[in-house]
Each structure stands twice: as C-alpha cells, then as structure tokens.
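Paired with chain B in one complex and with chain C in the other, chain A is shared by the two complexes that follow.
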Partner chain A sequence: MEVLLSIAILSGAALLVYLVGRLSRSRTLTGFIAFLALLGSGSSVYQVWQTLEEGMSVGWPASYAQTRLQAYLSGNYLGVFLAATALLLSLLVVIYSMRYMHRRNIGKFYALLLLMTAGIVGVGFAGDLFTLYVLFEAMSISSFVLVAFEREEWEPVEAGVKYLVLSTVGSLLALLGIGVVYSWTGTLDLAALPSLLESHAGSSQLMAVVALMVIGFGVKAAIVPMHTWLPDAHSAAPSGISAMLSGIVIQAGLITMLKALIALGTVNFGMLLVALSLVTMLVGNLIALRQSDLKRMLAYSSVAQMGYILMGMGLALGFPMAAGFSGMRGALYHILNHAIMKGGAFLCAGAFLWVLGTRDMRKLSGIGRKFPIVGICFLFFALALAGTPPFNGWFSKVLIAKAGADVGGWGTFMVVMLVLNSVISLFYYLDALNTIVFGPVPEDRPRTLKPLPFLVVLPIVTLAILTLLLGVLPDIGLVIVDPAAEYVASLIGGGM
Partner chain B sequence: MPLGGCLLVPVFGAINERLMKWYSVLVGFATAALTLALISAANGQEIGALYWIPGIDATFGLQLTGVGMYVAAIAGCIGSLAVLYSIRYMEDLEKEYPPTRYYFLTLLFIGSMIALALADSFLVLYVFWEIIGFCSFALIAYEYKRAKARQAGTKAFIVTRFGDIGLLVGVAVLWSAMRNLGAEDPFSIRATIQAAVAGQIPYHLLAIAGAGFLAGAVGKSAQFPLHVWLPDAMEAPTTISALIHAATLVNAGIYLCVRTLPMFAAISWWLPALAWIGAISALLAALLALVEKDLKRVLAFSTISQLGYMMAAVGAASVFASQFHLMNHAIFKALLFLCAGSVIHATHTRNMYDMGGLKRSMPVTHLAFLIGTMALAGIPLFNGFWSKDAIFEALSASGQIGPLVLLIITALLTAVYSWRMYWLTFQAEPRTEADAHESPWQMTVPLGLLAAGTLFSWLHVGAYSTNLGKLLSHHVVPVVELGELWHHTFASPLILVGLAVVAIFVWLGVQWGRRGAPVPEGPQMWADLVTDTKGFFDWVWGFWVVLMRAVASVLSLFQTGDLNYNSLWLAIGFIAVLLMFLGWG
Partner chain C sequence: MSGYAAGGVALVIIGLYATITRTNLLQIIIGLEIMARGVSLVFILGGAQSGTLAAAQAVVVTTILIEAVTVAIALSLVVAAYQHNKSLSITALRRLKG
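Let's turn to the complex of A and B:
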C-alpha cells in the first residue's frame, strides 16, 4: 500500500496544486504544497524501505496474480534508491523555483513537476512491463511540457517538439518490444519473464526485442546516437527543470531500460552496453569541449556522465559473476552523485541566468566573484564532475574503475578509457571555472546587479554541502546504494 | 594538524588579517615540530586507523614508515619556512587578492602532502594525490586576473592528471587483486607489498599496476615526456614554486616509486624504465636550462633535471640514494627559490639579463644563493655533491651504464648552467634600474636556515640512512655512516679527475654568464623558442589537443538540430545495434 501511496500522494497533490494555482498566484503557497507532497511521498518511501529491511515484500496488490487492472507495483531496493534520489532533487528544485519561476502559470509548473516526480518514483517500483511503460510515459509527457514551459519563446518550444518526437518514436519502439514479449509469454510480470523467455534464448527474435528496448528506452537515457534531443531540451528548459532532467530523468530512463533488459534475461547485452557507453562518453566529452553556452556544455557533459553510468551497468550485466555487484554499485552511486553535482551545476547556471539573462560563458565571465557563495558552490560542482577528491564524483568513478579491474583483460582497458575521458572533461570544466569564477569582469556589465533571493541560494548551498560530504565520507551514500546494487546483482545472478 | 589548521584560516581571516598570517606561521611551525617528532618516535605503530568507508573495507590508515616520515618532515619543515617567508613576500599582491585563500590553500597543500606520505592505504594516497593536484592548480593560478597564470594552473592540473589515469587504474587493479586474495584491508599498502613479494598477485596484474604507477609518478614528478607543466607553473608566486618544487608536489611521484619499489622490482622492465626516464629527463632539462633567460624557469628546469636523478636512483633500486638526494635537493632548491623570490622582490623582473651586480646590494641573499648554486652544481662538501655521488655509485653498482653516462653528462651541464645563472644574477655589472635592497628579516631568516641546511645536512647521513630503513620490512636500505661515505667518495682517484672536469665546466659557465645577453638577438630567439616549448614537447602535446578539438568540431557538425537528422540517427542506432547482434550471433 505504501508503494501506491508514494505515487498517489504526488499525483493527488499535482491536481491540488493546479487548482490552488488557478485561485492564487502565490509561489510560496503552491510551492509549499508541492514541498509537503514530496515530504509525504518521502515518508511512504521510507516505510517501504523499513518493510523491506524487515524482509517482507511490499506490493500493490500483494502479488502479481491478484492484479485486476494489469497494474502491479512492487517495492524493491532499486525503486527505493531511485525514489530517494528523485525526491531529494525534486525537493530542492521546488524550493529553488519558489523564487526562480515567474508567478504566471506557477500552479501548472508545480503540478507538472510533481507528476514527473511521480513518474520517476513509479518507474522504480513498477512490477510489470505495462506499469513500467505507463509510468515511464507519465514521466516523459510531463517533461515535454516542462521543457516547452516558457512557450512565448521560440527556443523552448522547438526543443520541446524535438524532444517529443524523438522520445515518442523511442517509446513506440519499446512498446513494440513489449508487445512481442506479451505475445510470446502472455504475461508482463517482470519477475516471471526471465524463466518464461528461456526457451527463446539465443533466438534472433529475442535479440530484436532487446534492440528495440535498448533503442527505445535509450532515447530517454540519451545514449549516443539517440542523444540528439538532449542539448536543446536541457538548455532551453527552465533551470530547475534542467537540473531534474539531467539529474534524474535520463537516469530514470536508464533504469527503465535496465529493468526491462533484466526481465529479458539470457541475452548477453553487457558488451553492447559497454560499447555504447564508450561512444557515449567520448562524443559527449568532445562536443562539450566546443560549447560556449554554459547550459549546453553541462548538457553535453550529462551525455558523457551517462556514458560512465552505462559502463558500470554494462560491466555488471556482461560479467555478473566478476562485476555484477561492483559494477552496479559504481553505476548507481554515480547516479546519486550525478543528481547532486549536475543538479547543483544547473541550479548555479540558472542563478547566473536569472541575474544576467545570458547563458553565454564569455558574458558570464567573473560573475562567480560577484556572487561568491554561488561561485564557490559552482567550483565544487565543476570539480566534482571532473572527479576530483574531496568532492563526491571521484568515489563512484573509482567504484566503476574497480568493476573494470574485476573483469580484467579488456575491462582494464575500459577503465583506462573511462579515466582518460574524465581527464578530457577536465579541460572544459576548468575552462568554465576559469571564465565564470576567475575570469575578468566585462566592462559593460552594470555595477549593481539584483541580489539573488535566499530561496535560490539555499538549494545550491545544500547540494554543495552534500557534494563535499559524500566526497569526504562516501559511506553515507553506500547505505542507500548498496542494497539496490545487491538487489540488482541478485536478479542477474551475480556474486559480490 | 595543518589539515585541521587550514580550516581555521578563514575564521581568523575574518577577524584580522595579521592575526591570520601569524596563526598560519604558528600552524606551520607546529607541523614542522610534529613531523620532526615523528622521526624520533618511529616505533612502528599505526598512528591512526579510522574506519573510513566500511562499505568497501577501506580504512583511513596512516602508518609511519622510514621513507614516508622523511618526506613528511621535508614537507613540514620547508613548508613552514615558506609560510614565514610569504608574510612579507605576498604583501604586494594582497591589495588585489585577499590573502585568506592563499594561506588556506598553502596549509591544505602541506597537510595533504604529509597525509600522502604517511598513508597506509592506496585509496587514501590517491585521494590526497588528487588534492595536492587541485591545490597546485589553485595556487599556480593564484593571480587569477592574469590569463597566463590561469592557463598555467590549468595545464599543471590536466597534465598531472594524465599521469593520474595510470595511478587510478593501478589502484583499481591492485584493489581487485587483493580482494580476490580475500585480504582484510584490500587497500593496505603494507599488505599489498607483502602479497606481491610473496608472489600472490599475478604477474600480469602487477605489470599493469606497475605501468600505471609509473605513469602517475612521471606526471606528478614532471618527468619526460610529461615535464611540460612544470616550467609554466613558474607563474605561481615564488613561495608556491618553492613549495611545489622542494617540499611537496614533485616529491610525491618519487615517493610513490620508492614506496612501491619492492612490489614492482619483480617486473623485468620496471627498474630500467625508471632509470632511463630519469636519465633522459635529467639531460633534456639540463640542456634547456642552459639557454633559458628567466631565472625561475632555469630553476624549474633544474628541478626536472634533479628529479630525473632521483628517478634514476630508484631505477637503480637504491632507496638511500634517491631519498638522500630528495632531502638534499629539497633543501637547496627551496633555498634557491626563496633567494630568487628575494631577488625578484627587489628587482621586479625575472629576466636574468636585466639583473646583475646584485651581490653588493643584497649580501645575505647573495651568499645564500651562492651556497645553493654550489650544492646544485655538485661542488664537494655541499650536500648536493654527496647525494649525486651516491646516485652514480648506485647506478654503476646495478650495472645500468646507459643512464649513468647520461647522468654524468648532465652533471657537467648542471655545473655550466648553475654558474651561468649565478654569474648573470649576482656578479658582473648591474643592468637593472630598480633600486635593489636587502629583504626584511621574515625573508632572510628562512634563507639563513636553509643555507645552513645546505651546508650541513649531509653530516646527518648516518642517522638518516638508519632511520630510512625503519619500519619497511621489504625495502633494503644499507646504513651508510659518515666516515664511510667520506672514505668511499675520496678513495677513488677518479673523483679527482671528475672534480677537475667539473671545475672546467664551472669556468665555462662563468664565462658564459659574463657575456650577459647574447648579441646579436638571433640565437636567443631560437633559445627562447626551444625553452618555451620545453624542447618542442608543448607542440607534441598541443598537437593532440588540436586534434581533439578538430574531432570535436567534426562531431558537432553531426549535431544539426534538425529533427529529420535526429530521427535518422535514431534509425542508424537501431540498425547498428541489430548488426552488432548479428555479428555476435
């Protein structure tokens, strides 16, 4: 029941926020409702976690056999992990948007944000392919609208349409795959599928289904070459939404893919994912080198970071015995870290955009010194993204590197590629730092700028503290990552 | 101690700037005293093992080792002198750049280096390794309003991180290997060395890790071919240069090699690779130093060169020779840098052709610089001489003739460029308009202490070599007594011939220095070109950067933003995945 509640609270509150937004334009009031809804959802996720800790299963309905609407939610550690990360980031974005967003349409904004979060939480807890697909779409649809939220301008609308078209094509491919699976087995229960599909193992039809799933959900996860929508969408969206998209939505896409692929079982697609991850990180990092638009640069670097995460997952799926646990652990920890550091970086970019009305790095030169607190936080995030201790990014990279070393042989080579990529990324992160924080102040900038509201700075500082904390004491994150990694490792038959 | 101390710097800075500075000095000296106390208290206990990341069995283990405690002591002592020196030296910059950042980063830098030297866990070592990399970036780019300083900082960080690729891979491979052995603490350096010596770690894994660690050390210690960042790092304030070159950053690479020596000595190519890399770096840097005109950059090249000696000494499997030279070099190089800082402070230029005749106006600095030069050039009775001699001996004992020959040639070149540098700066006619005068006591006291160290540190060799071997179960460190060293060195008649040759080269250097700036300008242009590109290696690496950017440009052509193309890519991706599956069957 708690599982359903964690999603229902968010969806219900979305309706409420919309209605309240029609009556009042208060950003504080609507924001506060959203805030409470997220806390409520968080407490039910916590209950799910507690129940799982006691060794009991949590589902709604209690088992797949009892479903009437073909919708089945089952509590699991992976879902708890995803929900916790999403709720944390969403909570901060809600606070941030209370001052950042314009008054007009604020109700709609929070309603969509809550729906999107509900989708993400639901993706984690979905127990069958149908529910997975529906909630995945719920997340996607609200994100399309959020990208094009500032609809008076051309850029967001164009970005939103691109995102919509590509993502829908992807979803349809995935749906086709789901349909094929259903026609074979007559069930969509994620837990039952692997054994039912054993008879198809190695058949070319099953491989085609895998390809459909990888491509279909891969669009959302921004895997190269399906990433083309991402830079437009992430840079045109309101900054809070960019933080959500980069921080958790594309990762939710990846986890959707992971859940579907695990259900398909026997095909060895780990190698495929590792190959894709190599291309993804290289392309993301190299194109990011050329960007002068801060948010576009961060968007491309998200593509690259997805490559790191995908590499951990690919190693885990490809070599469950050697790296099943360590690879998943690295990938999931990197999702958590990435949500914190990239979310924070986008919020910083948004703060600069709010003050100066530009995303061009040359025009933002030296702005970090004008607002030292945000500037220092941006320094934290950039260095964390580049994987420098004592900020959080390094630890998850070391974990992924460990997975590669566990595989041995060419796995070690993959590690070399991974670290080489993170050195390439250092070029543009340091470049951004050198301009935004240390660069000279342009002559034509007005002497007095409007001050940043407290509620905009607060989430940024919170994320920066988390960045430092998880970098110095990485064990805190493992509390939530490890059970999820163990859960996935047990599904794919991996050892420690 | 300094790690905790640095956190309080901003607090004090908020109260009062003067208070903060003296507080920093206090922390510095307390650190120095503590690190020295460590040496006398070496009794083999782990000095602290917190359970750091229980999830991966990582402890925050610190362990006292003979090698580590000396590296820590060097960082502590020289670091504290540099902090004292900064008080006056940094005054000029304080109007533009608030000093809180400076003292915070400096103390963090020193503290991290000490932690690195005392770490008993590869993970801890890696973390502090990266933190000192970050500190060096931030301190080199301290004067962030100058584009050159920013670039130099960025370059230092990126180039050293190229080496760190190897280190991280090495750490991951060893972690994986140790975990497979079922080790209790898979990161422990001690346990890993033990396992490696016992032959429990498969040879090929050891080889991968060895190559990785070598790459890391080459990057951090600015060895060929990753030496390009160090001369540019001269954009840093001179105190920071002294800190980087003598006390902290570059020593880390040598320390890493020495610490892991027993582990990788089994790999057939590891030791010769070290020796050759060291020798080539030493020779290359010495050649470049011959024609450099910037005082600080001459010192930078000489650092690369001297680090080459240490690297080669590790390659000869001699812990003593490399560490002895590390200590001596740290002392005289810090001395030289701080003198250079004093000179630059007085003349406001770094170009040696604009200096000259400073011996009258700056007597204390002059004397100190002379002592440092003697040590660098390897004149007998100064500390540099003894350790260089020990390195030659170690190399010839291990039968690596090639590197030995290169290093002997380098020693002669060293005599030339160091005397040229000295003569251009302090002797001859004054060529500067600036009204040069002696520096205040906060600057000269560290100079005096370091000069005394340069003169007498070799007398301490007996205790040094005894302590060095302590607590290191797998390192072989013979105890070298002072008398033995003396007897050994002067017993051979060859040494006299050698000294005569060195004297000739010193004379050459003086002659060269006497000529001042070359006339006509032509040769100097070429010399500047070669030194600015660090022997054209900037171009070699620059080529890759340009290539990378070109590839990026081509890639961004594919990012048209046109929805039709975007969908096309989706289709291509789908087909590619299908084809991949077909290929694998």
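Let's turn to the complex of A and C:
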C-alpha cells in the first residue's frame, strides 16, 4: 500500500497544485503544497524501506497473480534508491522555482513537475513490464511539456518537437519489444520472466527484443547515437527542469532499461553496453569541449556522465561474478552524485541566466565574483563533475574504476578510457571556471545587478554542501546505494 | 497467428519509415500513430495466443490513452511551431546547433 501511496500522493497533489495555482497565482503557496506532497511521498518511501529492512515484501496488489488491469507495483531497494534521489532533487527544484519561475502558469509548472517525479518514483517500483512502460511514459510526457514550457520562444518549441518525436519513437519500439515478450509468455511479471524465457535463450528473436529495448529506452537515457535531442532539450528547458532532466530523468530511463533487460534474463548484453558506454563518454566529452553556451556544455557533459554510469552497469551485467556488485555500486552511486552535482550546476547556470539573461560563457565572464556564494558553489560543482577529489564525483568514479579492475582484461582498458575522459572533462570545466568565476568583468555590464532571491540561492548551497559532504564522507551515500546494488547483483546472479 | 503478428510488426515498420522520411510535421505524427497501432495489434494477438485476452485489452486501452495524450501535446507543439514559422516543414527546425 505504501508503494502505491508514494506515487498517488504526488499525482493527487498535482491536481490540487494546478487548481490552487489557477485560483491564487501565488508562487509561494503552490510551491509550498508541492513541497508538502514531496515530503509526504518521501515518508511513504521511507516506510517501504523500513518494511524491506524487516525482510517483508511490499507490493500493490500483494502479488502479481492478484493484479487487475495490468497494474503491479512491488517495493524494492532499487526503487527506494531511485525515489530518494528523485525526491531530494525535486524538493530543491520546487524551492528554487518558487522565485525563479514567472507567476503566470505556475500551477501548471508545479503540477507537471510533480507528475514527472511520480513517474520517476513509479519506474523504480514498477513490478511488471507494462506498468514500467506506463510510468515511464508518464515521466516522458510531463517532461515534453516542461521542456516546451515557454512556448512564446522559438528554442523550447524546436527542442520540444525533436524531443517528443524521438522519445515517442523510442518508447513505441520498446513497447513492441514488450508486446513480443508478452505474446511468447502471456505474462509481464518482471520476477517470472527470466525463467519463462529460458526456452528462447540465444534465439535471434530474443536478440531482436534486446535490441528494441536498448534502442527504445536508450533514447531516453541519451546513449550515443540516440542522444541528439538532449543538448537542445536540456538547454531550452527552464533551469530547474534542466536540473531534473539531467540529474534524474535520463538516469531513470537507464534504470528502466536495466529493469527490462534483467527481466529478459539469459542474454549476455553486458559487453554491448560497455561498448556503447565507451562511445557515449567520448562523444559527450569531445563535443562538450567546444561549447560556448553554458547550459549546452553541461548537457553534453551529461551525455558523457551517462557513459560512466553505463560503463559500471555494463561491467556488472557482463561479468556478474567478478563485478556484479562493484559495478552496480559504482553506477548507482554515480547516479546519486550526478543528480547532486549536475543538478546544482544547472541551478547555478539558471541563476546566472536569471540575472544577466544570457547563457553565453563569454558574456557571463566574472559573474561568479559578483555573486560569490553562487560562484563558490559553481566551483564545487564543476570540480566535482570533472572528478577531482575531495568532491563526490571523484569517489563514485573510483568505484566504477574498481569494477573495471575487478574484471581485468577489457575492464582495465575501460578504466584507462575512464581516466582519459575525466582528463578531457577537466579541460572544459576548468575553462568554464576560469571564465565564469575568475574571468574579467565586461565593461558594458551594468554596475548594479538585481540581487538573487534567497530561495534561489538556498537549493544551490544545499547541493554544494552535499557535493562536499558525500566526497569527504562517502559512507553516508552508501547507506542507500549498497542495498540497491546488492538487490540488482542478486537479480543478475552476481557475487559480492 | 504469427502471420497476423508479422502484420503488426509491418505496421510498426511502415510507421517508422514515415516518421523518418517525411518532412511534414503532421505526417510525422501520423507515422507515430501508425506505429502505435501496430504495437497494439501485436499485444492483442499476444493476448489471444496466450489466452489472456482480458489483460491484453487492458494494456491496449491504456496504450491508446497514452497515445492520445502524446498526440495532443505533439499537435500543440506543431501549432506553436507553425505560429513562429508559418511552415509545417521540419527543415525549419534546424536552428539549434552545436
């Protein structure tokens, strides 16, 4: 029941927030209701976690056999991890948007943000392939509208159309894969599928289904070459939404893919994912090098970071005995860290955009000194994203590298590529820091700029503190990452 | 039975082909719809094949609902794009680069 509540509170509150926003137009009031809804959902997720800790199963309905209308949710540690990360980031984005967004349409904005969060929480808890697809679409559809939220401008419209068409083609291909699996087995239960599909092991049809899932969900996860929509969408969206999209939505796409692929069981597609991760990180980092638009650079960097996460997952799936646990641990920890550091970096970019109305890094030169608190926070995020100690991005990259070392052979090669890519990313992040924080102030900039509201600075500072905290005391994050990694490792038959 | 399933897959391929090759935004959306119908057909046949037709119907009705929402949003974006550009061609959607 708690599993259902965690999603139902968010979607119910979405309706309420819309109505309140329509009637009062107060950003503080609507934001506050959204804030309460996220806390309520968080407490349900906490209850799910406690029940799991007691060793009991949490499902709605209690088992797959009792489902009606093909809706089945089952509580698990991976879902708890994803929900906790999504709710944390969403909470901060809600606070940030109370002042950042315009008063007009504020109800619509928060309603869609809550629905998107509900979709992400649901993806983690979905217990059968079709529920997984429906909640994945709930997340996608809200994100289409949020990307194109400012329809009076050209850029969000173009980005929105590209995103919608590519993403819908992808999810329909994945749904076709689900349909084929359904016609073989007559069930979509994630837990039952691996044993039912054993008779199809190694068949070309099953390979085709795997390809459909990888392409279909890979569009959402921005795996190169299905990443083309990402830089447009992530830079055109309102900054709070950019933080959500880069921080958790693409990762939720990856976790959807992971859950679907684990259900297909017997095929060993780990090496495919590792190969894709190599291309993804190289392409992301190399294109990010020559961006002059701050949000676009961060978006390409997200592609690269997805490559790191995919590398950990691929190693875990490809070599479950050697790296099942360590690879998954690195990948999931990097998802948590990336949500914090990239979310924060996008919120900083949004704050600069709010003050100066531009995302061009040359025009933003020296702005970090004008707003020292946000400037220092941006320094934290940029260094963490480039993987320098003592910030959090460094620690999870070490965990991923450890998985590569556990595998040996090809794994060692991947570790070298990971280090090389971190060095490339250091180039553009140091360049951005040099310009934005330490660069000279342009002469045509007005002497007095409008001050940043407290509610815009607060989430940025919170994320910056978390960036440092999780780097210095990584055990805090492991509390929630380790059970999820163990859960996935047990599903793929891996050792510790 | 597998012949019908091949029909469903063929619909998906036709829809995909339309989505990739057409340059008119409305035709692209129609392509998406054709794909969705193909997928629905595969589900219905899968339900008939495995004797779980009721569940398959629940799935297809939900899919249709999701498609309706997606298309509504797609059309609203197309209207917005048309108002900016006075054109329905995707060649106008090439301003974002880098």
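Definition applied: the second predicted complex is superposed on the first by the 496 of 496 C-alpha atoms of A that agree within 3 Å, B and C clash if a C-alpha of one lies under 4 Å from a C-alpha of the other, contacts with A are read in each partner's own complex, and residues count from 1 in each chain.
Convention: contacts are C-beta pairs under 8 Å (C-beta built on N, C-alpha and C of every residue); 3 or more make two chains touch, one makes a residue touch a chain.
Just so you know, these numbers come straight off a predicted model, no measurement behind them.
Colleague: If you stack the two complexes on chain A, which partner ends up touching A:P451: first (chain B), second (chain C), both, or neither?
Modeller: Neither chain B nor chain C is touched by A:P451.
Colleague: Residues of chain A touched: more by chain B or chain C?
Modeller: B
Colleague: In the superposed arrangement, does A:D232 touch chain B (first), chain C (second), both or neither?
Modeller: Once the two structures are laid over each other on A, A:D232 reaches both partners.
Colleague: Scan A:P390 for contacts with chain B and chain C and give back first, second, both or neither.
Modeller: It touches chain B, and chain C stays clear.
Colleague: For A:V165, select first, second, both or neither according to whether it touches chain B, chain C, the two together, or no partner.
Modeller: In the superposition, A:V165 touches chain B and chain C alike.
Colleague: Determine, under the contact definition given at the top, whether A:P372 touches first (chain B), second (chain C), both, or neither.
Modeller: Once the two structures are laid over each other on A, A:P372 reaches no partner at all.
Colleague: With the two complexes superposed on chain A, say which partner A:L272 touches: chain B (first), chain C (second), both, or neither.
Modeller: first
Colleague: Which partner chains sit in contact with A:P440 here, chain B, chain C, both or neither? Use first/second/both/neither.
Modeller: first
Colleague: For A:G493, decide between first (touching chain B), second (touching chain C), both and neither.
Modeller: Once the two structures are laid over each other on A, A:G493 reaches no partner at all.
Colleague: Take the contacts of chain A with chain B and those with chain C, and give the residues found in both.
Modeller: 161-162, 165, 169, 173, 231-232, 287, 290
Colleague: Along chain C, where are the residues that touch chain A in the complex?
Modeller: Counting only chain C, the residues touching chain A are 5, 8-9, 12, 15-16, 19, 25, 28, 32, 35-36, 38-39, 42-43, 45-47, 49-52, 55-56, 58-59, 62-63, 66, 69-70, 73-74, 77-78, 80-81, 84, 90, 93, 95-96, 98.
Colleague: State the interface residues of chain A toward chain B in the complex, per the touch definition above.
Modeller: Chain A reaches chain B through residues 161-162, 165-166, 169-170, 173, 204, 207-208, 210-212, 214-215, 218-219, 223, 225-226, 228-229, 231-232, 268, 271-272, 275, 283, 286-287, 289-290, 383, 388-390, 394-395, 397-399, 401-402, 404-406, 408, 412, 415-416, 419-420, 423-424, 426-427, 430-431, 434, 438, 440, 473-475, 478, 482.
Colleague: Chain A touches which residues of chain B in the complex?
Modeller: 52-56, 123, 126-128, 130-131, 133-134, 137, 141, 144-145, 150, 154, 157-158, 161-162, 164-165, 168-169, 171-173, 175-177, 179, 205, 208, 545, 548-549, 551-553, 555-556, 559, 561, 563, 565-567, 569-570, 572-574, 576-578, 580-582, 584
Colleague: Show which residues of chain A lie in contact with chain C when the two form their complex.
Modeller: So the residues of chain A touching chain C come out as 68-70, 130, 134, 137, 141, 144-145, 148, 151, 154-155, 157-162, 164-165, 168-169, 172-173, 175-176, 179-180, 182-187, 231-232, 236, 287, 290-291, 293, 296.
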